[in-house]
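Pasting the structures here.
You will see two complexes here that share subunit A, one where it goes with subunit B and one where it goes with subunit C.
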Partner chain A sequence: MSTSTPKENLVMEHLVSLTYSEELTPILERYVDALIDGRIVGHKCPSCGRVYVPGKGYCPICVVPTTDADEVEVGDHGTLTGFTIITPVAYYGQTETEPFVYASVLLDGSDSNLGGQEVVGVPHDKLRSGMRLRAVWKPKSERSAEGVSNRGWGSVSSVIDAFEPSGEPDKDRAEYEEHIF
Partner chain B sequence: MAEQCAVIGVGQTHHKKRRDDVSIPGLLREAATRALDDAECTWADIDAIVIGKAPDAFEGIVQPELFLADALGGAGKPMLRVHTAGSVGGSTFIVGAHLVESRIHERVLAISWEKQSEGNAQWGLAGGRSRGIGAGGAFAPWIRAYIEKTGAPEYIGWQVAVKDRLNALKNPYAHLKLADISIEKVKESAMLWDPLRFLESCPSSDGACAVVLTNEANGKRASKPAAWVAATAVRSELGAFPGRDPVRPLAGVECAHDVYRQAGISVPRQEIDVAELYVPFSWYEPMWLEGHDIAGPGEGWKMVESGDTELTGSFPVNASGGVLSSNPIGASGMLRFAEAALQVRGLAGEHQVDGARTALAQAYGGGAQYFAMGILRSQPA
Partner chain C sequence: MAATDIAVVGYAQTPSTRRARESEVQLLVPIVTEALQRAGLDRREVGFTCAGSCDYLTGGPFAFVSNLEAAGAWPPISESHVEMDGAWAMYEAWVRLQHGDIDTALVFGSGKSSPSKPEEMWAQQLDPYYLAPLGVDPASLAGIQARALLDAGKATERDFANVVVRSRRNAKDNPNAQVAGDFSVDELLAEPYVRAPLRKHDLPPISDGAVAVVLARGDRARALCKRPAWIRGLDHRIEVHQPGMRDLTTSTSTALAARKAGYDGGPLDVIELSSTFSPQELILRDALGVDADANVNPSGGPLAANPVMATGLVRIVEVARRIVEGSASRGLAHATGGQVLQHNLVCLMEGD
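The block that comes next holds the complex of A and B.
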């Protein structure tokens, strides 16, 4: 039996990665094609009229299918409905090192907001719910389908860098109250 | 009529940042053995096992229940995995209770766990991508909305953070032991997800929790007092849809009303003696007090401010120290039920609430969209 002093536990960090590509659903393919073209499209429920961006192929509230025939274009201006400032935590794959904005933006003409958006051109302490924003598009040559997945990640990040104040007057809370999710 | 379910055994591990002294099976076995000892049962007495944990990506082991069966004495026995994100510990308890109530099994071991040190929950939550926000980042905008809506002062969050850590000092199993915690310390801690500060957030813990559930006859025969399951309910809703109120999700409201109705409770604030609520970020205490109609709209933060939710207050919340003091994610929901059971059994030790006869246990998960709630009582119906 060993009588040597106990050693610290040996911990080995071992990274395993798996890279794969996936076929986008037909709805997301149309959505990405439109994004690269500079348009944001969604589906309008034929029953209640709510617009989902991107289209889901159904309205989760009415439980009815939606198709290409229900496709509508929404604006690239929108309203900040909620936000926080994230202090990034380091982990494998994290490239952020400085606090960043994590905002939900309700595009004009849409009923579902875009989550996790960066907001630039305004100091963090001047951000407020109700603020009007507009999309900062990437140059057309830099737009791609990268990051768009069937699991709903990164729905516009490969075409829109961030949102910035549009200078329009703030919206009243009542106008976006139902969209702060 | 359904069989009455009794909690006759409760076990938990010492929750810590790293439990390098045990493997994952060893961690579960530690909690399970304590629960069996408390129930004065052996492994052979258990008819079925229900197991829950948070997403498999957190440790990177897919379907870990398969390799854990042996350690849990599960060979040749029915074993069921439950998965409802952060609420899973609560749902696992409830599934176990249903197996007893429906007379499918006589004695069920329900167990849940997380070994956060063997994985990376931040990476798991981010799906391996950059700009991961952690759980706090998802909830912070809704906390802001709550504050904007109610006008609650910022020190409410700090008060909850201090209260739960002081309670944890009385709980031998709690992870965080911050004897010098103070409002000043919380206020000066780093801002992680505005308005949430470091000390207003839960830790990452390794830990497990287990309960032994059985029928009325065995519950009455047990030598130690049993906790009686008076009500259970689960509800879920989509994480995002137009018209959703993420501050007071309808699924949470309906889940609460269901357990109150089953237990015959009409005024929760008066008829419940102690509550274990899933509060991973300080502001969720007032948010759930309102979201489960214990306090009226805009009144939850006033219960915190006045000290009503302290250990000696009129409505003690998280006498155990709560998720803010120990967060082995998958087990955190079951710990709410286990601690509620300890309270009504009179076995909570130093953090016992005097005369606790009716306890509320609650767990939530996902984007505040999955709810598991229960009412536990000191006496059978």
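The block that comes next holds the complex of A and C.
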């Protein structure tokens, strides 16, 4: 075993940047066209009836294919099923400076949450699961496909600015507890 | 129960394409379903599931988790994932089956190279000891390997071109191939270098694709398949990661894996090699000691279709399919990982 004085660790900084480019899948292309039109669509499993927003092209529970023929429209009101308040730390690429909400919203008629949604019009300490929300749409002329990608769990930010309280009474936990994400 | 009592009883693969519009899991769903259907197995009966893929290819963190949706992971299933070619996922499933408490397994491998720039992305893979980026891409390393082969007098550029001509000709009969056709050695040799002494055709195409395999053990295998492709031996061996520390013109790990898998040099009706770059076919043939007229890569091999992370498992399927369909009785499949044939797997299969 060496008894020499410990030396400083060698640290090598290496910032990696990789470029990926891809087209939206045909299902997401349809999804974003509908969003720009002001409609939120998903796929309804022909076997179990669960609705996924956006559609996946299959039901992950039943493993049966879904197609455009299984498309259904869901509401733009929904229920806050879960949330976290993130205090941003400075790292490369971080643009947030103030604490912000990351919420999962179960739209009416959907069985899957939109993840990572912003909630406005309510103080952070008043947020609660079961709270009813509605989408704050961008004006039609400002909507784009830009924020929708083949990855991610609810990228609608280029069409819907955020969600805000709708004023409807809270949902009972039993009504959404199978859908917490 | 013997290790030789496990067989491939179902399989399916997507065609290999330059750019698939579907997501990786959307590529997997139909072929996983098809492989299970071919075996006549309900997915709820599958004892163990193992997948091979690489999130860096599509740049989607946890893409491998989404991929699992193709297997139907609810109610919860027993599963595993390797950040390696699907052939190693099959190795894990094969080992798992030898525990003896389950008798079926599902394996798949998938990759979409199209969203990335492979020469940029692979160069960021990390050295296993210093965790520093390798800084060199597979094609450049394959160029160094090809140069070593030429300098050693073991091959000529004409030999490389011959491999390409045969691969592309064979691929004409493979509906899943991406590059196929009749070419002459002289016209190929007239092409410019892209990584001297390699020309574009010495490199594999950039591919999107996926493959799935169903394994079964003993009587269950016989019940699920009329003529199972029995895995008589399966072994993998790895060499040092530093390419400068080994002789790039040979593949001792392939030779060792073949021996450990029980390959005795006897006749093989079909051989499928993961010779991703044309010179590697010559190195692998030499390491395995196969005859000059052996039936190597009748599918066209990786030079005709290279869905990275599925390429090796496709080799196993190409051999297994010929055994199941009865056109071959004994075959050998090879998969590779790491840099310039660093890590090699050999699977020896036979029909009854």
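Quick note on the criterion: the second predicted complex is superposed on the first by the 158 of 181 C-alpha atoms of A that agree within 3 Å, B and C clash if a C-alpha of one lies under 4 Å from a C-alpha of the other, contacts with A are read in each partner's own complex, and residues count from 1 in each chain.
Just so we're on the same page, a contact is a pair of C-beta atoms (placed from the backbone, for glycine too) under 8 Å apart; a residue touches a chain by one contact, two chains touch by 3 or more.
Model, not experiment: these values are computed from the prediction.
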| item | value |
| --- | --- |
| First (subunit B), second (subunit C), both or neither touched by A:62 | second |
| Partner chain in contact with A:94 - subunit B first, subunit C second, else both or neither | first |
| Partner chain in contact with A:104 - subunit B first, subunit C second, else both or neither | first |
| First (subunit B), second (subunit C), both or neither touched by A:151 | both |
| Partner chain in contact with A:20 - subunit B first, subunit C second, else both or neither | second |
| First (subunit B), second (subunit C), both or neither touched by A:12 | second |
| Partner touching more residues of subunit A, whether subunit B or subunit C | B |
| Subunit A residues contacted in one complex by subunit B, in the other by subunit C | 16, 60-61, 151 |
| Of subunit A, residues touching subunit C in the complex | 12, 14, 16, 18-23, 25-26, 56-58, 60-63, 65, 150-151 |
| Subunit A partner contacts - residues on subunit C that touch it in the complex | 19, 21-23, 25-26, 29-30, 32-33, 43, 56, 58-61, 63, 69-74, 114-117, 120-121, 124, 132-133 |
| In the complex, subunit B residues that touch subunit A | 20, 60, 120, 122-123, 126-134, 137, 140-142, 144-145, 148, 190-196, 238-244, 246-247, 367 |
| Touch list for subunit A against partner subunit B, complex | 9, 11, 16, 50, 60-61, 82-89, 91-96, 100, 102-104, 111-113, 115-116, 124, 129, 147, 151, 153-154, 173, 178-181 |
